[in-house]
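Chain naming follows the written order as A, B, C and D, and within any one chain the residues start at number 1.
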């Protein structure tokens, strides 16, 4: 009998501690199923209740995440639950916190937007919860199988959400495009996983890390092809160039509240998995994968920023800016094995980016008129004169994305550039600087437009009134962007703890 | 045994090429069914009996029937565009490169050449006397089934509910999401939905 | 010293006032203006007390003698940044200038010019917070934080309230500045990573500098050492702000389109921060590279002086004339800094303040003229002497001060700078002298053209300055005459730290300079 | 390749042809995605790629003598089924709101 098979326990059910490690995901997954049932008995006019239920579920999951943060701290030797398939660590819980915050904000701004576009169905909230569950599972996934399945869980939910407007051709097109290209990328990810599995004999990240570290899996061309194919798959999910083709179309076609969620949460979750796999499971292959990551990183920064320059739609501009931001986060990833600051910077950047970008999309969402997204540049001209506070918030988000202090975006950039310099990747930092300078053009263009005098003869756009919920979301994201930009330590210490607690550890 | 693998493999490739080159979607679908069937035979050779059954029942049986059904429903026309253009050249080069690269590394690489076989290195046995390693193709005698070796339904099933319970549970959510999506997307659209 | 964090109060008082302004309804313009003036006045009084108290308070810490010091951890260890504020002689003068100029800016915000007064005043106060932070920061990261944050309120001020060409000008300014300062960010990170102390703190970095490193080998060509690269990054960032000549193109456009009230503090203090940065950071942190590139920086300064003067001669728009004059004068300040000796730096510090006062009052006067006549063309303006006798007097004093007349404030600074430049290389003051001669030409031509020629249609029937406007100008004129006649207090305060800057910038292996005069100017 | 004495013995030298076959099927699938315009056929090409992945997983699993490969392949089939359900629903809906089925036409949104 082989050693491997001998290790297999006979039909042992998961224990209580396994479930504890998965508590936020279990709560959210359970809420997803319950919400489906609630949808059946909720009258159509009362669907806001479903949003309220989702909020309760997300808050509960957030509560358990916070509890888990301290529990995981008390159990420093927890090395994953469910036979090592899932990592119960502060890294995953940090990402959970970011994801749940994003989901909460999206759910809060959704009802009024969906009502205005006539899309208010219960399935929306179910799918948001399912996607969030998938993202949280991805954040904690410690085996290739769980990574793949949670990627698919979140992707399939998002395919449907992108096509949520069933009569809108652009929405349907976006969904189909996303689905076809997403399936294509999944196949690459899978083939990479197959090769890694074949080379190391395991699908659990910890075992893979051990196999590579101990030299059992020699640095073989087949293994490297596998690693590169996995990078392709992840690069697609984080929308890094040159695997970003879907991003602008899907962001523009999908309903804006979905775009807000997708642009932030998918990127955060996929980056969590990317960092866990590359920085913590493959650190011994760093010399090999570094080149590939640096290539993707530079290409994303250059392509994203240059393409964003010529856009005339806010949603498309933010899509290209998201590609560029993925490039900046990749700077942190590319320097992570040399310097812990790389991972910390990437985590900080992710949190800062999600607050800021969500705020920007929230502004577009709450401004949108009946049945129409006001995302053309022409339609925000003079916004500041009619909606001074919303415009000021949008300006702040643009400045944060461009990396001006005193916003959180500045420290994100600062931390990843520091990591790059510390680990000797000076050219990467220089590329980052050059492209950041370019990015100021298109971010400030939006601000300039909002503060320009509205044309007298131009079509007057029907900006919606700011509701309490929309205002609250914008206020929250604004406050977060500023607070984390000044009191950096608040977020920085948490990100440091997340980096230090990350599994797998050799 | 290798000869059989090659023959079945060639047939699978023929089916795959048929998928890409057929002008009628229906022919593509039927070629894919053929290719899937050939792969099922390979699974059987590789002692993956459960996967053999799943491949035939789920893939060929359910998924491809769904495809054929949709094709019949939508009745799409054949593509009127010449197959050969720039993209085709790119695709052709991609096919040749990926295949050659992978085959070359598999055949001449460090880890899969005969004497240095990966299975031996990562812990699985490479002993000619080991019954698991020298197991015959198509071998699914009851004795083997009970001995807990790779490739039988009981082992796979047992693992699925213990070590791989979490992935298994995730698939249940996944299927639920897919079901909701299919129902939502194809449900009749009420008049209240604003058309933009 | 008491435990009250005076420096933080100086920084955050305007910020608090700006937040409080948001509670005031937009229609209560009088209240908004009153609150703004009260906040800037309170800051100014506080700064005046601090500066007056400086020579009495103990200097602490090396290598910079900080008379007031606040130090707290800001971002924990791996980053290791501190909330470190410090006030030395240089910062004291900059801070005094800052407080004064912003008070002036608040005073001249007029109800007619500004349609959204609450926004304007709020942004003005935010700018004051940021500039005070730049001046007081003694931690590199904190300095950069304020340095970049300063651009945000400025951007909104310029893009909301400027004249019609403001969009391009503002964007040009922001892009120039940000491109420069992003490079500086990399250099700051490099300094920290390279230093054995692994800190962003300016004093720690000065005490334990990192190794210079080997020259970067670029395909067989030996380029600069990493430290030289870092110095160049700093130098470009500050040269853009100063501005030295190849980096100056944003300035005339921006001054032209800038709203008058904002121009007072923009020209008065924001553009002085480049000079401040050079003295405080670039020459102290890089004593080696600054000598390697001294010839380049001196050459650029001289070119700036002459080019600015020539351009001022060729323009006909009065605002652009003064903008180019300002560039020329800033070149003089640069010359003083890069002379790298006691007289040069001391003169530069004095001249920063003097030029701030002069340029702020010049733009005030031009703003009044433009507002009354509706034109900025030199040829359409003439004969104002008869229409505006009081303004004539004020303008005359300012003009004479601007061209460096002995007995007025500019002379003290320029003379000391020339002295320092002469100690470095005899030709430099000769070339800079050409700029001074040209300054006489264009300033007097401007003055005579505006005041003495026969009346033009545009200038017929304009009113003289009002009582309030006059009272804004009187203290400025008094300062010009006062510093000109008795410049010792300025020199004394500046001297508290000049010596340290000279020592630091000399470095271990630089040739020693023997200062001729140590006091501020001939007075 | 050597035919072993026992014709039904699966020797290690059977592995390279299997991985080569999987690579070939995968790249034919890639080619199909790149070349074809009908979303249904593109979809089928993706299925082909997934099948190639499954073959790789199962043959790795067989020669590593571990079940993980088979279980992974099993999961892939489940996911493929779920994806197909959603994808076909989308295609039906697009067809219903009156579009031609052509990937190249999915470009109402231009750069």
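The rule is simple: contacts are C-beta pairs under 8 Å (C-beta built on N, C-alpha and C of every residue); 3 or more make two chains touch, one makes a residue touch a chain.
Here the structure is a predicted model, which is why all the values come from computation and not from measurement.
Distance from each chain's C-alpha mean to the overall C-alpha mean is smallest for A. Averaging Cα coordinates per chain places subunit A and subunit C 43 Å apart.
Here the CA centre of subunit A is 30 Å from the CA centre of subunit B. The centroid of the Cα atoms in subunit B and the matching centroid in subunit D are 6 Å apart.
Averaged C-alpha coordinates give centres for subunit B and subunit C that are 71 Å from one another. Contact of a single residue of subunit A with at least two other chains is seen at positions 2, 4-5, 145, 149, 152, 156, 159-160, 163, 166-167, 198, 201-202. Multi-chain contact residues of subunit C, defined as those touching 2 or more other chains: none present. Counting only residues that touch two or more partner chains, subunit B has 101-102, 106, 112, 118-119, 122, 124-125, 132, 149-150, 155, 159, 164, 167, 171, 174, 177-178, 181, 185. Contact between chains, as defined at the top, is found for A-B, A-C, A-D, B-D. Residues 2, 4-5, 144-145, 148-149, 152, 156, 159-160, 163, 166-167, 169-170, 172-177, 179-180, 183-184, 186-187, 190-191, 193-195, 197-198, 201-203, 248-249, 252-253, 307, 310 of subunit A are the ones touching subunit D in the complex. Touching subunit B in their complex are the following residues of subunit D: 1-4, 6-32, 34-38, 40-41, 43-45, 47-48, 51, 54-55, 58-59, 61-68, 70-71, 73-75, 77-86, 88-93, 95, 101-102. Of all residues in subunit B, those touching subunit D in their complex are 1-3, 5-6, 9, 12-13, 16-17, 19-20, 22, 25, 28-29, 32, 35-36, 39, 42-43, 45-48, 50-51, 54-55, 58-59, 62-63, 66-67, 70-71, 73-74, 76, 79, 81, 83, 87-88, 90-92, 94-99, 101-103, 106-107, 112, 114, 117-119, 122, 124-126, 132-139, 149-151, 155-156, 159-160, 164, 167, 171, 174-175, 177-179, 181-182, 185-186. Those residues of subunit D lying in contact with subunit A across their complex are 26, 29-30, 33, 39, 42-43, 46, 49-50, 52-53, 56-57, 60, 64-66, 68-69, 71-72, 75-76, 79, 82-83, 86-87, 90-91, 93-94, 97, 99, 103, 106-109, 111. Residue ranges on subunit A touching subunit B, taken from their complex, read 1-5, 8-14, 22, 29, 32-33, 36, 82-83, 85-86, 117-119, 121, 123, 126-127, 130, 133-134, 137, 143, 145-146, 149-150, 152-153, 156-157, 159-160, 163, 165-168, 198-202, 211, 216-218, 220-223, 225, 370-372.
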